[in-house]
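Which chain is which? They are A, B and C, in the order written, and residues in each are numbered from 1.
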Amino acid sequence: MSAPSLLWRGAALVLLLLFITAPQLFAFAFEPLTVNGAPAIYNQGSLLSLTLSHLRIVFLATLASTILALGLGIFVTRPSGREFLPLSRSLVNIGQTFPPVAVLAIAVPLVGFGEKPTFIALFLYGLLPIFENTLTGLMEVSPQTLDAAKGMGMNPRQRLFQVELPLALPVILAGIRLSVIISLGTATIGSTVAAKGLGEVIIAGLQSNNVAFVLQGGLVVALLAVLIHDGLGMAERRVSAKLGRAADEVS
Amino acid sequence: MSSLRSSLSLDRLGSVIAVLIGAALFASPFVIYRANRIVAGEGRMLADALPPSGSVGVMVLALAVAGCAALVRAPLIRLAAASIGLCAIFPAVGWSAGFITPPGNTFARVSPALGFWLLALAFALLAADALTRLRLSPWARLAALAVAAGAVALLLVSGAWNDLSLLKEYAGRADTFWREARQHLWLAFGSMAAACLVGLPLGILGHRVPRLRNAILQVLNVVQTVPSIALFGILIAPLGYLAAHVPLAAALGIRGIGAAPAFIALFLYSLLPVVANTVTGLRQVPAAVIDAARGMGLSARQRLWQVELPLAPPVILTGIRIVLVQNLGLATVAALIGGGGFGTFVFQGIGQTAIDLVLLGAIPTVALSFAAAIILDAIIDLTRRGSP
Amino acid sequence: MIEIEHLSKRYAETIVVDDVSLRMDEGTITVVVGTSGAGKSTLLRMINRLVEPSEGRVLIDGQDTMAIPEDQLRHRIGYVIQGYGLFPHRNVAENIATVPRLLGWDKRQIAARVDELLDLFQLDPAEFANKFPHELSGGQQQRVGVARALAAKPAVLLMDEPFGALDPVIRSKAQDDLVAIQRRLGTTVVLVTHDMNEAFQLGDRIAVMDQARLLQYATPAELLTRPAEAFVEQLVGTAERPFRLLSLLKVREAIEPGPAEGEPVSVTDTLRDALSRLIWTGREALPVADASGALVGRVSVKGIVAHGRSAP
């Protein structure tokens, strides 16, 4: 990675950390946006704790989706689950036409307000990209490699853990990254159903007509998403470095 | 002998569907009855939800479909069974609403309950699996979509569902519903059209100037990462400033809150798929073809118009499919900043814990995205087939 | 020793291998040759049970392969395929260590074995052990593929078109190397190819297959002089026959007494090479030298040509 882009990322990270820990330092920048002496910096809760609960719910939901989606993806690519493969592929296609907001909205009447509907929406919607990428990753493993593994006497479990999953890992990680980014956005909307998170700042701003809140909420969420997207992308590139280059060579 | 056995053996997926149908029929309420639209409701099992002849009829039919799912593998038969099942339970739930609602009571609400949704899910799964295995041609898929849309329209127009809570919510806001529908479509399609107008030339430019390509794609990638509501929020401040200080902007209807930031955000989100797929579509032309074209003396411009662009449409259309499905979904969020669209009902419904109001916004959104995906997939297949 | 008894494979209506019986002696190279779709790969894959036979059985050293759990069976049989199937996520040393690791060898033993094999295949351990497959040339990948198959000292090595992906120059070197290593280790090799030249260069015995059937199983010379069917004759190549025969024979088998002018040929050269030298130099005869360089007689055009006839 080039030095300027590293520097840029570092600066963005420092700025974000500084803003959520000591937002008052930046009050001067938001004051021009307020009217009638409204507060320039969100004052109904600490940005730090909102950020942490935002990240917590995204992390937990993604963890749960990853476990289930990975398990399902492995199941439908085994001989015993092949019958479910065509349907599961079309279900993922259909599922992705559902807007995440709709999933969130339908969950509320079923489980009430708060973290629960948000978690359910993040979890359900997060399954799709991870499942899809697990399928792609596992099915892209070259038949030749699998034949060699089988010919050397690897049993199905050894083939899965020593050959298929390591080779599919970069694609699976890409799915997890996509899922995390979608979840970060959906969790923001989760604030409309009273889940604790950064969406609160934006919603509060919209309700009280305070553009300063709306803007700072938007900026924090945006910066968080971009940095996490970037960080996960870096991890992915590291993992795929040897495989990625391999993929260019092996036709 | 063996072929007979394989056509009648127990199908795993079919068995799962049969279990779902069983659970729906015998362990879940078919509809929910509520004294008014926001109080907690009580479930009614199928046997109590319809007159005896009706409930027995639905039960026998559903069990027949379950048996068919578990034992028959021929996709056409399974598709027929699933369709018959769907054609039975949808009117049945409307009939049930009329049957349960005490005569003259205008406050009582009847909504489909878990049992109905499970049956619908089971039949839909069976149909989806059959359709996947049938590998229909693009035209056949479009025809299937048209038939399904026609059936839904018939159901709604016939008044069979008028006693359901969902349609009572609609009846109270028929005017607003169609206004928000127009707004939703305008946001989704308008921003997509704008993105095509800007994105296609940008993609062509990016294709011809590699350094520009990386810069454009990097910026658009960052934009795509920003969550929708955050992007709305970021746009509100400058647009508000514009509206307050530039009279022309205000005259054009640009305000900080409302449709303008939503439209612009959707436009920005749409750019990445359009530009990226245009570039990919142009680049996918095999190097040998480009080499041959150069060898015959075609200039860069001639190569673009005669070789690269004619081969690109399927990939560009794939980008447009992504944009359309994404926009139809994201437009719901616009309601949060006063931008209108079906999201208005969703967020109102959340505020009032009225699930039927939520569904009034959510169902059309999902149906639109679903139809858009099917139609565009069919078009993409058709252009693919047309190109050599 | 591998004994194949009445082995058949059927998929629904089609028969892929039809009642094949063969015996491969210990320490020899058997080449199965035929056109594509003849069933030769399926025959090979039934030996390590990657394909389960429909009928018949395979015995290795007298033991029925069906009596051995399939993974254990494969641990004992080396397997090399076209394209090699090296694991892209593992480096050369890890690739070679695959089967020893599955067998639970201890680390030091594995490391020693990997170094030994890299040396055997002329790959410097310091340079190659930590490289990944995509960093290797085609020839190096091929050597790693064979080394990996030999890692757990299998008595039997199955090879399915192992040289198919190599260019001609590297291929002939790789073939020579294989023979040298096979002679040294005494491994029983079964190799599948569609290349007749390869079959003649490598095979102690050659099995010719066509349309699921075994047409002939014989030494190369027999195949040339007594083809069992017209198809074998055609596959061997009628125009090539005398030269193939000559390349199977060594100079020592055609030595005549007496002197001759010119640069001597070696007793271990093939008759084909000697004839080629004779034609090129325009001589009727050349002297023959033994391994120590001492002259032991001469070879003549006439004498060599006599060896290239169908009934010597």
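Structural remarks
Convention: a residue touches a chain if its C-beta (ideal position, glycine included) is under 8 Å from a C-beta of that chain, and two chains touch if they have at least 3 such contacts.
In this text, all values refer to a predicted model and were calculated from it rather than measured experimentally.
Annotation of subunit A and subunit B: not jointly contacted by any chain, touch as defined at the top. Comparing the centres of all chains, each the average of its CA atoms, the largest separation from subunit B belongs to C.
If each chain is reduced to the average of its C-alpha atoms, the one that sits nearest the average of all protein C-alpha atoms is A. Averaged C-alpha coordinates put the centre of subunit A at 22 Å from the centre of subunit B.
Subunit A and subunit C have centres, each the mean of its CA atoms, that are 54 Å apart. Separating the centre of subunit B from that of subunit C, both taken as means of CA atoms, is a distance of 60 Å. Contact with two or more other chains is made by no residue of subunit A.
By the touch criterion stated above, subunit A contacts subunit C in their complex at residues 142, 144-155, 158, 163, 166-167, 242-243, 245-250.
Of all residues in subunit C, only 48, 50, 70-75, 79, 81, 83-89, 98-99, 102, 132-134, 148-149, 158 touch subunit A in the complex they form.
Put simply, subunit B touches subunit A in their complex at residues 11-13, 125, 128-129, 131-133, 222, 225-234, 236-237, 240, 256-257, 325, 328-330, 332-333, 336-337, 343, 346-347, 349-350, 353-355, 358-359, 361-362, 365-366, 369-370, 372-373. Within the complex, the subunit A residues that touch subunit B are 33, 83-84, 86-87, 89-91, 93-94, 96-102, 105-106, 108-110, 113, 181, 184-186, 188-189, 192-193, 199, 202-203, 205-206, 211, 214-215, 217-219, 221-222, 225-226, 229.
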